[in-house]
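Single-structure report; data block below.
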Amino acid sequence: MRLAIPRETHPGEDRASVTPDTVKKLVRLGADVAIESGAGKGAGHSDDAFREVGATIESDRDALLGSGDMVLRLRKPELDEVAKLKPGCIHVSYLDPFNEHDLIREFAAREITAISMEMIPRSTRSQKMDALSSQANLAGYIAVMLAATRLPRIFPMMMTPAGTLKPAKVFIIGAGVAGLQAIATAKRLGARVTAFDTRPVVAEQVQSLGGKFLEIDLGDTGQTKDGYAQELTPEQVEMQRQAQKEVIAESDVLITTAQVFGRKPPLLVTRDMVEGMAPGSVIVDMAAETGGNVEGSVPNEVVEVNGVTIIGTGSLANLVARDATQMYASNMFNLVEDTWDTEAKQFVLDMENDILPGCVITHGGAVVHPTIKNIIEGAG
Amino acid sequence: MRLAIPRETHPGEDRASVTPDTVKKLVRLGADVAIESGAGKGAGHSDDAFREVGATIESDRDALLGSGDMVLRLRKPELDEVAKLKPGCIHVSYLDPFNEHDLIREFAAREITAISMEMIPRSTRSQKMDALSSQANLAGYIAVMLAATRLPRIFPMMMTPAGTLKPAKVFIIGAGVAGLQAIATAKRLGARVTAFDTRPVVAEQVQSLGGKFLEIDLGDTGQTKDGYAQELTPEQVEMQRQAQKEVIAESDVLITTAQVFGRKPPLLVTRDMVEGMAPGSVIVDMAAETGGNVEGSVPNEVVEVNGVTIIGTGSLANLVARDATQMYASNMFNLVEDTWDTEAKQFVLDMENDILPGCVITHGGAVVHPTIKNIIEGAG
Amino acid sequence: MDTSVITGLGYVVASGLFIFGLKMLGSPATARRGNMVSAAGMLVAIVVALMDQGIVDYTWIIGGMVAGGLVGAVAARAVAMTSMPEMVALFNGLGGSASLLVGWAALTPDAATFTLVTIVLSILIGGVTLTGSLIAYGKLSEIMGSGQIVFRGQQIVNSLVIIGIFSGAVMFTMEPTNPNWLYMVIGLSLVFGVMAVIPIGGADMPVVISLLNSYSGLAACAAGFAIDNNVLIVAGSLVGASGIILTQIMCKAMNRSLTNVLFSGFASVSNEVTEIEGEIKPINAEDAYYILEAASSVAIIPGYGMAVAQAQHVVKELSNLLEANGAEVVFGIHPVAGRMPGHMNVLLAEADVPYDQLLEMDEINPRMDNVDVAIVIGANDVVNPAAREVESSPIYGMPVINVADARTVFVLKRSMASGFAGIENPLFYKENTRMLFGDAKESLGKLVTELSS
Amino acid sequence: MDTSVITGLGYVVASGLFIFGLKMLGSPATARRGNMVSAAGMLVAIVVALMDQGIVDYTWIIGGMVAGGLVGAVAARAVAMTSMPEMVALFNGLGGSASLLVGWAALTPDAATFTLVTIVLSILIGGVTLTGSLIAYGKLSEIMGSGQIVFRGQQIVNSLVIIGIFSGAVMFTMEPTNPNWLYMVIGLSLVFGVMAVIPIGGADMPVVISLLNSYSGLAACAAGFAIDNNVLIVAGSLVGASGIILTQIMCKAMNRSLTNVLFSGFASVSNEVTEIEGEIKPINAEDAYYILEAASSVAIIPGYGMAVAQAQHVVKELSNLLEANGAEVVFGIHPVAGRMPGHMNVLLAEADVPYDQLLEMDEINPRMDNVDVAIVIGANDVVNPAAREVESSPIYGMPVINVADARTVFVLKRSMASGFAGIENPLFYKENTRMLFGDAKESLGKLVTELSS
Amino acid sequence: MNGAEYLLFILMLSVFLGFELINKVPATLHTPLMSGANAISGITVVGAVALAGNGQGDLAQWLGAGAVALATVNVIGGYLVTDRMLGFFKKRED
Amino acid sequence: MNGAEYLLFILMLSVFLGFELINKVPATLHTPLMSGANAISGITVVGAVALAGNGQGDLAQWLGAGAVALATVNVIGGYLVTDRMLGFFKKRED
């Protein structure tokens, strides 16, 4: 079975979907791995490094795409690239299936089996392939670094001959994977950390990292079976805003990570709340790319509102591309290996399995994932 | 006695030499404090905040400079500004007296008493006024933040479902005030930290922060009575380079802080050593402004050599301007208060004191500091 | 001062030395000197005894002592280090037989009932000690097979022996002049010693020896009552009491109850007790301490519960103490332990656990066989053997840390509640698992206290 | 069974209950029940005693018991919490007097010498206990001044009294029928009790009461020998032994030696001992433990040495244990402690010391007066009082943490070496400073072990 | 061996035991412990009872009766005071 | 009170004391402790000596002589073996 790994073409993207380490393991499984020249460059892996572990390097991208029985990549493909894929092949990448309806339809039309990395279920067993988690984790760390670099103060407390510097106050909204890592990192640096999340189970998790949990009574909230948050009612969002207002005003750093799976993230920090912060404070809006938790945040840009710096993040994990690549590549490998048939040297699309049915979007010419199917058909 | 505080005019300088807090205390001592409008802006203090605690705000800079019996500032003045000062007044700021001979001569010529903050002795009692320490301390912290943000990896170890990320290796050359804080900060973030310094007493200090000390036998090194390092012989520098080569090649982050008081810092990391590092590695050269420990570093700029990022720092403490201002302002206040006569409401230039003789450069029309006098006279 | 006062004082001194000696034996630093102090006590006691005015003829005494001393010294010197336990068993048996003989010799026609009772006791206990110790010796030195010897009807035989001993003893106190009752008691005691020890397996012999040691103390004590000698009573009851406690401690260290040790042999033949598989076995900190204390290789497996309890610092402390106690300690970090990637890393780094001590799952699993104690601290899903064993489990196929391969597993959690995945954990029901219930920080705190005192 | 057997067994049971009771009194969780167990033992002993066949007339017994019981109950209920110590002293004196009376009553014309000796002892110890306790009561309840009462020639008077007691006692044993010797011993014992306690200051009274309590036990023990009663001996010697040890412990907690407590009064009048000012007083971990254990407010002052020893984790642990023991613990951070700004902050944050517990120098100095123990951990320059006291010192005028204002100061360092500034530190020579030499981590480890066991 | 020597034995054992029991008691319990031990020292009442009840109206009986009264004060008062102290102690703990 | 009761007292005290002494001994010392206690149980030799020396040539003397020999083996052997064990132990510690 031939695995094709094209170079990521998205501007600024440094990550890749393989490392020499994982390619070596794939080759050991019996796969025939072809990699586009330069695919590993951004993450610090040369073509030679891949060649050494048994991959073939291909410089003709179209030929590569057309030859792979299975294509492993990170970003979703351009719409026109789908046509270049070998019909019937398996294509694994982020897909954003809730929004990219055309792309999904195209996959179905070309009879390509599209696996969406966003849709990997959140079960204990599937964690090893869960790229959302692995990347969010790194993003949480780097978000704190960005904030620390921008803040005109230091995070830790210091009692020095020139007076005592108080520890910075960091407030984190949304304590999922990224939020928890942000809490841990800010704590490590010595900040006083407070966090909030709508899912009640999170309080304990925040405390387990030494953070303080802000108690807000929003009435009925909760989480889905995959551990994602339920969307709040507009009243609840308003309640939350009011309750957070004071904490935000007192904070030096605010990091927002609130997401609702499959929907636009809630707008939790309004302009007046931003203005309520002291000049020099820093906000990192980790939901900026999909709509933003903070009013006025711009994805991939740093803006200043009333002396407050708002960092609207795009793909933060890309800032630590080497580690991010290592993790994403492991996720890929684990996915391939999980149902790999060593005798036949083939990936088996086992739809009885506990993971694949959740993340295979199109197969055999049709959209097979029920939720996505509903949405796309609903959207007409 | 009138204390005049002009705005810092150096481009990009956000720090100031007072905060509302220290002004309040100065006023309580009986001083008449005049501040140039906008002096606190970069550090987040408005004119109003100063007015509230009893200072007068002056918008005419020249009038302000001409009226102060004592001028407190951070950066050295432009040469032409010395003429605007009230003759016989006391001027406190960084002065770089080893290099700024014209400036010193001008001070002497105008009969101004110039106090150099660089020359505050390194005694236990004088630590509260020691601005070199207070600013270096913050610089050490922020240097690590810069490196962490630039490195395409994370600092801490993480054992995750997508594999284990090894902790980053950080090597710090020069474990003075800045170096030690850098060690502490990198350790906090979870990195493996190694450090080297020529002063033998430092080994214990490095270990006291959980870092590893690299043992290199350079023969006779040592330190001055003020705790500064002695300059190495060219042979010793070569020995040091060779011994560090391997550690540098293995490190993800290299931070250099080596300084020799009153001299150009030693060049410790040559171009081939930089090239020996893995692409993606980061170097922070904290000595860049005075000449650099690293070949190819450019002050205030980030350059890339062979995939290695070299951050040539200028005034790093400026990046955390608010805290840096708080500390510098405390240093100023402590200096003023130390020999303040509350009855006469005057600063007393007590040359019998254990601190002032070390840092007063010019007085009564002459260069009084022996070392500086020698240098300037020597330089003709 | 007449000799009787000297004798009395001498015995008091000797007893004091025994007490001191035992106390010193309890601490490694003083143990060896403690043994000498105790030996000095013995010397004092013997010298005082030799001054007894009732002694008119030293021949037999000296003969006996020289012979016994020589045998003892030679045996003690010659024995190989590895055979010391059986040598102790042998010595112990001889001590028991001495009590038997003394009790017997103390028999006078005009003895009071109380004295007769004590004579019977010293003979009975001495006899059981003698043969029991000999069997233990045989099993340990592999002169006889070390397996459990059981046969059908064993319990009936035993019951008969016990009834026989009891009636013989009663008859003897009533008719002390009829030697047959005495012989009957002696004989049956010897038989009973054999019967009691043969069904016990060789591995449990140290516990048996410790118990018999306690008996030989009691025998000496009984002999003391019989001949009205204080020093025998004090020394004998000290040995008796400390022996019993030591036996308990050893049982705990072996993770068995004393009844279980003594009667497991019967159980397997009578088939009356069916092994209830999958029973929860709670343990308290003190008992856990005894096991940990004896462990030379410990693996710590932290999970989300350690984070919730914020127990990282005390975990580190425990690991330091275990290392100070000579154990090798490693941490096994499962990749999904906790609630965020690297959760355990942050906390353990905070507590200063060196990176080298952290092993990934793949590194620790092959070593688990050699681990004496695996301490699972607030982990659940990541040590769930269902992932290997139960095909229907939602986590089937996920690699987990195989703690059950360790000799003993401690699980520290607050209840039987399930973890994140919400599934039952068969680990908690395994034969070698002990549940230490309570908040992890508190439980660990108790262990630390035990270990550091 | 005849009553004598019941009596014997009853006494054994009662003694056992006393032992259990005392053991339980040693742990906060069981103390109250322990007291009841001990009371139950007393009940058993009294009931058994009342069954004695020698008793022919219960009138006086019942009269005495009712009267005594009423007085005791009323006094115990009425006394204010704060006056309990003096009440204990009073009770103790009465117990001593009872032993005196029993010893006296046990006197029969045909008594053996041994009995006579024990009679004299019970009278002597009982008498000293009686008057000593009364004086202690008087001092504590402020019926008399609580100061040390000393006068010239006191030692001569004391010597005479002792010689008198001794000769009286000897004469008595030789001439038991002459009551004058007896009266002489009684009278002089009472005098001696007074003489022994008056020179001791009110603050040391708790130690004295504890000692007298031990004496009253010994008096009971002596009375037991006199009337040949085991339970008196066992209970009396238990009280005697535990009292002595308790006295030692209390002395340590007060940082005094027993001799110092008992004879310091004499010393000050005889002027023989001159106070050597500025002496280094080392202390070991165990003694430090006793002081810490009794402290209710502790300030920890870390310095560079804590960092060198990497002792931050064990410092945190110590602070936890002290808090668990009911003490309030704060950290005083001097701005230049360590070798870089914020050095202590990094380390203490790593060890999870909450920010609120860290006090700046200006916050902690005013509170230092109320601190029981200030623990200086590897700090030197930053606690150097020369900065306040010695004008010529290079650090004169620098604000330092005024640890010497605390009641007791422990300095943990390895040697007498100076710190960064290279100057001598007079703190180490202060009256209330104790040097705990050794690596800070190790020293703290020992303290933690002591505190957690 | 005579009675006195038995008694010596008992004394020695009791002293050892007393030592082992009291060896490590927390400071908070010092006072109640002292008070509790003091109550035990009222054991003299047991000896006094026999004397007070000898029915001979002699000096010994009078002395014995006095001893009974005094020792009873010690016993009853001692246990009650100890109990009160420990009661306070308990409350503080909660 | 008769002798037996004294002895009961002694027994009780010894048992308590034995308990307090052994209560917390580290596992490494279990075997030497057992062995050392075993040596003490050879104390029977003291009782046997009196019997073996009664000089009457009766059964008691014979039994006593046997008991002396056996108990002496226990005493001498026991102390020596214990000492050897502790010696090894010491060496391992270093």
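Should a chain be cited, it is by its letter among A, B, C, D, E and F, assigned in written order, with residues numbered from 1 in that chain.
By definition in this document, a contact is a pair of C-beta atoms (placed from the backbone, for glycine too) under 8 Å apart; a residue touches a chain by one contact, two chains touch by 3 or more.
In this text, all values refer to a predicted model and were calculated from it rather than measured experimentally.
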{"item": "Number of hops, chain D to chain F, where each hop joins two touching chains", "value": "1"}
{"item": "Contacts common to chain A and chain F (chain labels)", "value": "C, D"}
{"item": "B-D or C-F, whichever has more C-beta pairs in contact", "value": "C-F"}
{"item": "Most widely separated chain from chain C, with each centre as the mean of CA atoms", "value": "B"}
{"item": "Same-residue or different-residue interface between chain E and chain F, half as cut-off", "value": "same"}
{"item": "Centre-to-centre distance between chain E and chain C (centres being mean Cα positions), rounded to whole Å", "value": "37"}
{"item": "For chain C paired with chain D, centre-to-centre distance based on mean C-alpha positions, whole Å", "value": "39"}
{"item": "Separation of chain A from chain D, taking each centre as the mean of its C-alpha atoms, in whole Å", "value": "66"}
{"item": "Numbers and ranges of chain D residues touching at least 2 other chains", "value": "19, 228-230, 234, 310, 335-336, 341-342, 346, 349-350, 352, 453"}
{"item": "Shared interface positions of chain B, touching two or more other chains", "value": "127-128, 133-134, 137, 156, 158, 160-163, 165, 188, 190, 210"}
{"item": "Where chain E touches two or more other chains, by residue", "value": "3-4, 6-7, 9-10, 13-14, 16-17, 21"}
{"item": "Chain-chain contacts as defined at top", "value": "A-B, A-C, A-D, B-C, B-D, C-D, C-E, C-F, D-E, D-F, E-F"}
{"item": "Touch list for chain C against partner chain A, complex", "value": "304, 307-308, 310, 335-336, 338-343, 346-347, 350, 381, 387, 394-398, 420-421"}
{"item": "Of all residues in chain D, those that touch chain F in their complex", "value": "4-5, 7-9, 11-12, 15-16, 19, 228-230, 234"}
{"item": "Residues on chain C engaged by chain B in the complex (per definition of touch)", "value": "333-336, 341-342, 344-346, 349, 352, 355, 358, 360"}
{"item": "Interface residues, chain D side, partner chain C - complex", "value": "310, 313, 316-317, 350-352, 448-449, 452-453"}
{"item": "Contact footprint of chain D on chain B as seen in their complex", "value": "123-125, 127-128, 133-134, 137, 140, 177, 180-181, 184, 187-188, 204-205, 207-210, 354"}
